[in-house]
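First the structure, which I've put down as structure tokens, then a few questions once you've had a look.
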Amino acid sequence: MDACNAQLIEIWQAPEGNGGRIRVDHPFDIVPGQYMLVRRASDLSSLPVVVFPSSKADNGLITASSLPVDWTPGEQLSLRGPLGHGFRLPASARFLGMAAPNGDPSRLMPLIDAGIRQGAAVSLFLGKLNERASFFPLPAAVEVQPLSALPEALVWADFLAVDISLRSLSSLGELLGLKGGDQKLPCLGQVLVRTDMPCAGIADCGVCALKTRSGWRLACKDGPVFDLEELIDVAG
Amino acid sequence: MWLDESAIQKQDLIIDPPYVNAAGSLGFYPEASAVSDWHLLGAFITNPVSLKARKPAENRVCINFADEFLLHTGLPNPGFLAVLKRYTQRWVRSPLPVIVHLIAEDVKGLAQMVRRLEVCENIIAVELGFAPDTSADEAGRLMDSAFGELPIIISLSPYQVSTIAPVLVDSRVSMVRICEARGMLPDDNGKLVHGRLYGAGLFPTALQAVHELAAMGLSVIGGGGVYTNAQVKALFQAGAAAVSLDAVLWLGGLNLDMLIGESIKEQ
Amino acid sequence: MWLDESAIQKQDLIIDPPYVNAAGSLGFYPEASAVSDWHLLGAFITNPVSLKARKPAENRVCINFADEFLLHTGLPNPGFLAVLKRYTQRWVRSPLPVIVHLIAEDVKGLAQMVRRLEVCENIIAVELGFAPDTSADEAGRLMDSAFGELPIIISLSPYQVSTIAPVLVDSRVSMVRICEARGMLPDDNGKLVHGRLYGAGLFPTALQAVHELAAMGLSVIGGGGVYTNAQVKALFQAGAAAVSLDAVLWLGGLNLDMLIGESIKEQ
Amino acid sequence: MDACNAQLIEIWQAPEGNGGRIRVDHPFDIVPGQYMLVRRASDLSSLPVVVFPSSKADNGLITASSLPVDWTPGEQLSLRGPLGHGFRLPASARFLGMAAPNGDPSRLMPLIDAGIRQGAAVSLFLGKLNERASFFPLPAAVEVQPLSALPEALVWADFLAVDISLRSLSSLGELLGLKGGDQKLPCLGQVLVRTDMPCAGIADCGVCALKTRSGWRLACKDGPVFDLEELIDVAG
């Protein structure tokens, strides 16, 4: 799919921005962790907004909380994607750890759903747990824990997914409880790196650049999902 | 005394159709997927290239504000030799002639880069960018070291026009391109960040700059916040010899023909 | 040789609270109905005044574009003596100290006007505006003719900073004010019109200019497209000594306290 | 009234811009020819739009065709006015001529209504008559004629009202059929001068300045309605 028409059907307030339901005029497949670019058809020059679906609705998608606050239901949208590389959840994974340090699990929701579908036990580690936990409706099967419990839990997990901002990436090691010298990874895992992506790869602008074990990479093209081991000893 | 004609002769540079992408808007080479109607552009301008590699700025960011956005990137690039290695073959195979944008830091490094580009295929010009606070004298020295076999384009932000444009009149520079204005905005945390500005709000100052440069007799590539065919027309009316497109190329699903086609047909 | 101290001494000028209207935003005197909370401003700046009367520009117009608008008026005013006659008494009775903005055209006329203002009551400074293409030398000569008993403020558009600011460092100028940028747009009939730019889209370049001037050690009144308290804070953070408001004052029903009150309280 | 809240209830397309119905939260009185300033409450920095009511609706007003095309029904507005000086219709006037060279009579509508109420015969002279006449619903009592018929009609009129743009003001004499030297006014009258009014008088910006017999005047403060005799030998 190149670009297609869509419509904003419904919006709701979420702690980090508005969430919304979008009707899409075109069938599409999207892997958890991939993103879409959305803009108002009427906007002359605004940059597209990066949207991570939190689930698929009939003929469309539910977006994670990233819509501009001045978008109102009924707006005609133009949508492009899916773009980037999403999560690869090992089919054999039975114990999944998911972490959203900013307290918003919506970008991880499609992966949580996929985990439950393949019969895995899912624990979700949320920052700002007290403020946020009640906000996001979660499947009953998910066990929710504070972010500080993440390091202990990693002993039993066989796959870890983290949604973290580029700005916080340098504290990824700390988040997982790795000490300075201790670089051994607790388990396999992947990291969704949230960042501005103004050009979405068209210009190699470098706003979304991050240093990985293999050198500089662009979140918009090479990510936004990266293997944990690519990031950990660089950032940790 | 014999007059050395080549010393004052401008090298002809024709961009046809009269449209280019701005440096920094489409990467280092024309990637097939970025634009579907390449034939509407007359040349491809590369991202800025420096002699040595430049890392992304520590506090790289994109800040939205009003009808604009500020981009602070540090102009990351792998450095001149790495760029040559990666892209020379792609430039040769490019659907468009290529203009390489060089970050003009020092006379010696710049001269080296230009001499090396003179032997590359499908490169029709070199474009030079200066640091924001470059004086007219410095700009003159840098330009002089770049003159050779390839036509030279100078990119100036609207703020550099009053300082540097006078040096370009009666020089061997082939064209001037108006590039992004610079600005400053607070980021999410209230920290002030400087960077390049994009968006429709930049157009009125760009148009004014084009008008001034054209009135000085310079051949101008105008651009900055162009999103509509009416803006394209206004630039030609102000005296632009060609028009450059920047962030409009990032909107996706863009119909370039709608944006510039009408103006082409009318010429 | 005796050093004449007054020759290099800056005249102190304190604007408290640190807010003014931009020249051209509130007319020639503080009319009671225009603003309800005058006490939030530290001084009133008049519309630009020229020695001779200036008629409205033939093609006067206001053109909206993106988050901006262009105003082309020709800076109409009845001329210095008529202004004095009409407004001196109103300046005396003004709720705020007054700063008179003079259009600096020639050395002699400017000196005459300034000498005449020195004997007026309630005037705390003179602000000078230069034509867009004024050179640093010209600006210096004009400034020199204005120095006397009143502190001098120089208003510069962001584009004049690189040319003229260097002359102001180590001069007797008390403050610099960033005024409107200039630009060009097509009118309804497609005719290109140049003029002053207003609107939020002008803010990033204004903020950058304030930062540059403050870094040079100048005392800066910053402004241009200020509409929110966050913008006011960013200007102070960039080093502004005071903030000027322009078209926000035309919105009507404005609560100045919401816009600048919070920043005042925090100081 | 200083500034008050309002809401855009309904819009419709008109040849020179959208018309609309605005609900106003506050009682107000407005003389035909006076104007209001309207802006979207959500707009950060756009200039207010100058609006001439074409009639009063219950709790609000119907605007002449001057609303920006991107304003949609439901928008919250902020409204200021009435501002400026409107028409003074002589109570004794029995034969009224009204002229709208641009073919849009909506700014003259309140005056037409007032004329009919006082029992006067009203003739309306419209530019672009063929394209426009059917667009604007007019009271049956109004006689509509082409603009070119205006000079002859002025013989019998005892009051003339013209809605004209500042740009066209210099052709006012020609419009009334006055020859170069012939400066005698056919009748009493007033002229509504349409122009940009960005500062609405707050700044004396001068965009709306016009030359009258008594010198330069500002449409925003001294007008927008001026006596015909103030304009005719200057502009004619």
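For reference, chains read A, B, C and D in written order, and residue numbers begin at 1 within each chain.
Note that a contact is a pair of C-beta atoms (placed from the backbone, for glycine too) under 8 Å apart; a residue touches a chain by one contact, two chains touch by 3 or more.
Remember, predicted model here, so these are calculated numbers, not experimental data.
Peer 1: State which chains count as neighbours of chain B and simultaneously of chain C.
Peer 2: A chain counts here if it touches both chain B and chain C, and no chain qualifies.
Peer 1: Quick check: how many Å separate the C-alpha centres of chain A and chain C?
Peer 2: 48
Peer 1: I'd like to verify one number: the distance from the centre of chain A to the centre of chain B, where each centre is the average of its C-alpha atoms, in whole angstrom.
Peer 2: A distance of 35 Å separates the two centres.
Peer 1: Distance from the CA centroid of chain A to that of chain D, rounded to the nearest Å?
Peer 2: 56
Peer 1: Note the residues in chain D that touch 2 or more other chains, in rising order.
Peer 2: 44-45
Peer 1: Indicate the residues of chain B shared as contacts by at least two other chains.
Peer 2: 66-67, 199-200, 225
Peer 1: Given which chains touch which, is the overall layout a line, a ring, a star, complete, or other?
Peer 2: line
Peer 1: Spell out all pairs of chains that touch, sorted by label.
Peer 2: Once each pair is checked, the touching ones are A-B, B-C, C-D.
Peer 1: Which residues of chain C touch chain B in the complex?
Peer 2: 65-68, 70, 133, 158-163, 181-186, 190, 192, 194, 197, 199-205, 207-208, 211, 225, 230, 233-234, 237-238
Peer 1: If we count contacts the way the header does, which residues on chain D are in touch with chain C in the complex?
Peer 2: Listed in rising order, the residues are 2-4, 37, 39, 44-48, 78, 80, 196, 198-200, 202-207, 209, 216.
Peer 1: Where on chain C is chain D touching in the complex?
Peer 2: That would be residues 24-28, 34, 47, 55-56, 60-62, 64, 67, 69, 71-76, 199-200, 225, 227-228, 247-253 of chain C.
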